[in-house]
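Every chain is named by a letter (A, B, C and D) in the order it is written, and numbering of its residues begins at 1.
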Amino acid sequence: MNKLQSSNSPVFRSERQRAIYTVIFEADTFWGKAFDLALIGFILLSLVVVVLDSVEAIYLRHHSTLYRLEWLCTLLFTAEYFTRLYCAPKPLAYARSFFGVIDLLSILPSYVALVFPELHSLIDIRVLRLLRVFRVLKLTQYLHEYRQLRGALQASSRKILVFLTTVLMLIFIIGSLMYVIEGPEHGFTSIPVAVYWAITTMTTVGFGDITPQTDLGRAVASFMMLLGWGVLAVPTGIVTAEMVHRPDPKPTTRTCPSCMHEGLGAKDHYCRHCGTALPDYQSDH
Amino acid sequence: MNKLQSSNSPVFRSERQRAIYTVIFEADTFWGKAFDLALIGFILLSLVVVVLDSVEAIYLRHHSTLYRLEWLCTLLFTAEYFTRLYCAPKPLAYARSFFGVIDLLSILPSYVALVFPELHSLIDIRVLRLLRVFRVLKLTQYLHEYRQLRGALQASSRKILVFLTTVLMLIFIIGSLMYVIEGPEHGFTSIPVAVYWAITTMTTVGFGDITPQTDLGRAVASFMMLLGWGVLAVPTGIVTAEMVHRPDPKPTTRTCPSCMHEGLGAKDHYCRHCGTALPDYQSDH
Amino acid sequence: MNKLQSSNSPVFRSERQRAIYTVIFEADTFWGKAFDLALIGFILLSLVVVVLDSVEAIYLRHHSTLYRLEWLCTLLFTAEYFTRLYCAPKPLAYARSFFGVIDLLSILPSYVALVFPELHSLIDIRVLRLLRVFRVLKLTQYLHEYRQLRGALQASSRKILVFLTTVLMLIFIIGSLMYVIEGPEHGFTSIPVAVYWAITTMTTVGFGDITPQTDLGRAVASFMMLLGWGVLAVPTGIVTAEMVHRPDPKPTTRTCPSCMHEGLGAKDHYCRHCGTALPDYQSDH
Amino acid sequence: MNKLQSSNSPVFRSERQRAIYTVIFEADTFWGKAFDLALIGFILLSLVVVVLDSVEAIYLRHHSTLYRLEWLCTLLFTAEYFTRLYCAPKPLAYARSFFGVIDLLSILPSYVALVFPELHSLIDIRVLRLLRVFRVLKLTQYLHEYRQLRGALQASSRKILVFLTTVLMLIFIIGSLMYVIEGPEHGFTSIPVAVYWAITTMTTVGFGDITPQTDLGRAVASFMMLLGWGVLAVPTGIVTAEMVHRPDPKPTTRTCPSCMHEGLGAKDHYCRHCGTALPDYQSDH
């Protein structure tokens, strides 16, 4: 999200537009910060309303209050949305951006449900307002960490892809195998269901809504469980062993008597810095 | 917790106060150590009493004995608490410190239950006495490890926060989605319940008290399980691959032209086996 | 899988054979790529057919269509298999290679089921066609990552073996112990079943189809759970602590005496900021 | 286990004793190896007998055969045990060693069950014979890896202890808390049971035999699940981020134009090897 300069450039149609832009899209002035805080407040309020509205006991007692609060928030967000369209230098760019779509999706369901009452349950997609918190928090100061993380993911994206596709293929094949072995009479009613079971097993979640009953099925399940857990356990074990295994090139205090270079390997015969022959190394390791 | 000097400084009101302080708050003298051992003994005894008292079979047979033991401990701890208040140079500082509060909370419920018998179940908060063990063990010698751990956490606190908030948002959004998809007739009775399910799934705990029944719900659940497990599996895989990828202090094939010793470090200037000066190391790493 | 040169060497019987080989086994020409894409398309189609055919609702409505699509794919794959045998320089080498066997296994069940209708369920082994996707994707460009991974596994294969055999022995012994403690009346009907339970517990899957009921059984189960989780948790904790403990290329306080630039590397000879020669670095690390 | 020299030292009473010792305790001669292989064979046979004997279907059909095989093995192991006592230079040292005790425990239950038939179920402790496989495999060649692993554990033993005691305290406290919150009517019948539940939750096993029913209980459970999973997820995330975070001191190809030293930091102004001023660094990072 490029940040437009808030100087008085020809990008804005009027001074008033620029002023409103500064408050709504930016947070460097007092009113800008105040607007952001108020917005977070109303987003959280609308989320609490959505959550409470879903609990039957609370719904029965307070629905009218929650209903009015919900419409208050919806109207405020609608006003905010149109104001953003108004003061953004390129309204279409905003409307098509990720947060622009989120902002629209967070007010639309309420209006749709007015017209089509059967879609009332879809109103719970109001919870997508949660995503708005990301933007309002102006996570620019976290951008450094996110770029790091994104860079790490991109650098390893090929490895990740190879790893994930291998895992998915294994899951698909073993799932189908279990469908053949156990069959619908034991809960594995179709290949998709068996694959769902295979995922719960490999990821070590293990709901237990479907479990193998036959001996062969349990044997295959055991193999899959050891695989899913082993993928985590074996590398951590190797990493630890490797870290212990490299004691030599690092933390010894062995010092060359000639050039005083420290940290020589315990098994070295010559200083790798100046070439002098080294005396025997005494240590407790 | 600053350690006061136990020399005869004007900080103590009398010699007797200083002597008692040395025994109760410190553990450098024979009596100090003896007091600590006795205290651990009574804390553990009171814990065993609490635990046994909760098992119905044992409660029915031995409740009066346990009741008397419990009051013995409570009275001892009360005496100890007031003694600490008496001999501490700054009694209010102690009463407001973390362990001061713990000490008070571990004796209060017993008295409260005398006055209000309905709060009897709260007596099990006596188990907070467990926290007292931390202090009695004088974990000063472990302070180095704790500072390390705390330093590691503080250095990475921003990353941890970003990571955790992302995870919580995902959990909240997918939980709400499952509430819409599955609905109360399948166990997802409200958004809080759905979020609770989402947590059991992402953390791979998988109780199984609530499970998705619809195909779309199971698909979303599969995505969530792979995510929760993948967060653990993908980094360990990358870390292992990276460790292999950086062969420096060990598996290079750099060979000394003089003595043919292999596996020299990429940065070495002299052969650590025979001392000959080494030519520059050419490699693709 | 060695790649044969597709020059006009005496390895091919005729020009036509070589031309077909280029299209089927290789993907460097336009037709070669087109063939691969078409093949992936039909493999995925046949997989979708297999999966849909297993869902009872869909089976009842569309079985004849799925049946015809399945035979279309089978006939195409049969034609492809014989073409491969025809144009490969060494047909027997292909037929005995891993992918040769897979290709055969993916067409055989359909014919077998024609002759022996009772083996109809085995037709779901058609899902092994999934493995063909590996070859068709010509994973040669991923060969570098696979060699890395395989090299890492081989280098550590002894450690992995020791680790896995220890885990399996623990599982076997504790499983048998639980069989003795809990017994068949609590679900642990035999030692193999108890070992299956032990695997679900150590790998933290925890289906819950079998659970310990006795106090001693639950105590042993607790020990096993902490072990299975601890194997993951303890090394990651140590690794993190170690990483903090070795501050070298970053958080030292080494300061350049000339320009006062901080955080110089412990091994640097010159200040990377102003170029001044640096005195030796004294530290306790 | 110290290895005695098998030269003709005064440690052996006779030449025959020494010869038998070479065969039974060592594996450097042909007969030594042959004995070991035979022993592994009989241990595995006896294990298979124990396992099969526990499966009811097989027990009913083949019990007499299994019974005779079991006694064959028991008698062979008894003969072997007494032979070991005879030929060991210090019989008491052998009898009190770890493997000496295991060897005795693997034959004793069968005799005990002859005298006290009610202890028949204890015969399954015969599975401890599994531990004998460790010794018979003469895991001396794996001693290097075990010493490494043991060294790693010892070096970090303080950290491990601190970590584990913290985890156990948390489990105990939160378990007791859940006992107070949920209570026996929801399955948390006593504090030990609640602690057992806490362990299944923190280690992410999640059997589901006991689950929280109240809102507050589920909230506490959610916290515990995120903790148990987070202990694994947060460090792996940090480790990955740290690895990415150190791009400078390692994998750049920036080269000093003067001394050709490679791998200079992207932000350095002077070569840290020879001191020459560096030109601007062009890169895509």
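Going forward, a contact is a pair of C-beta atoms (placed from the backbone, for glycine too) under 8 Å apart; a residue touches a chain by one contact, two chains touch by 3 or more.
Small disclaimer: the values here were computed from a predicted structure and weren't measured.
Contact with chain A and chain B alike is made by C, D. When chain centres are defined as mean Cα coordinates, B lies farthest from chain C. Between B-C and B-D, more C-beta contact pairs are found at B-D.
If each chain is reduced to the centroid of its CA atoms, chain B and chain D end up 24 Å from each other. As a whole-number value, the distance joining the C-alpha centres of chain B and chain C reads 35 Å.
Multi-chain contact residues of chain B (touching two or more other chains) are listed as 145, 152, 159, 192, 204-208, 228, 232, 236, 238-241, 243. The touching residues of chain D, counted against chain A in their complex, run 145, 148-149, 151-152, 155, 204-208, 232, 240-241, 243-245. Chain D meets chain B in the complex at residues 158-159, 162, 169, 172-173, 176, 179-180, 183-184, 189-192, 201, 204-208, 211, 215, 218-219, 221-222, 225-226, 228-230, 232-234, 236-241, 243, 250, 260.
Within the complex formed with chain D, the chain B residues making contact are 50-51, 54-56, 121-122, 124-125, 127-128, 130-131, 133-134, 142, 145-146, 152, 156, 159-160, 163-164, 167, 192-193, 195-196, 199-200, 202-209, 228, 231-232, 235-236, 238-239, 242, 246, 280.
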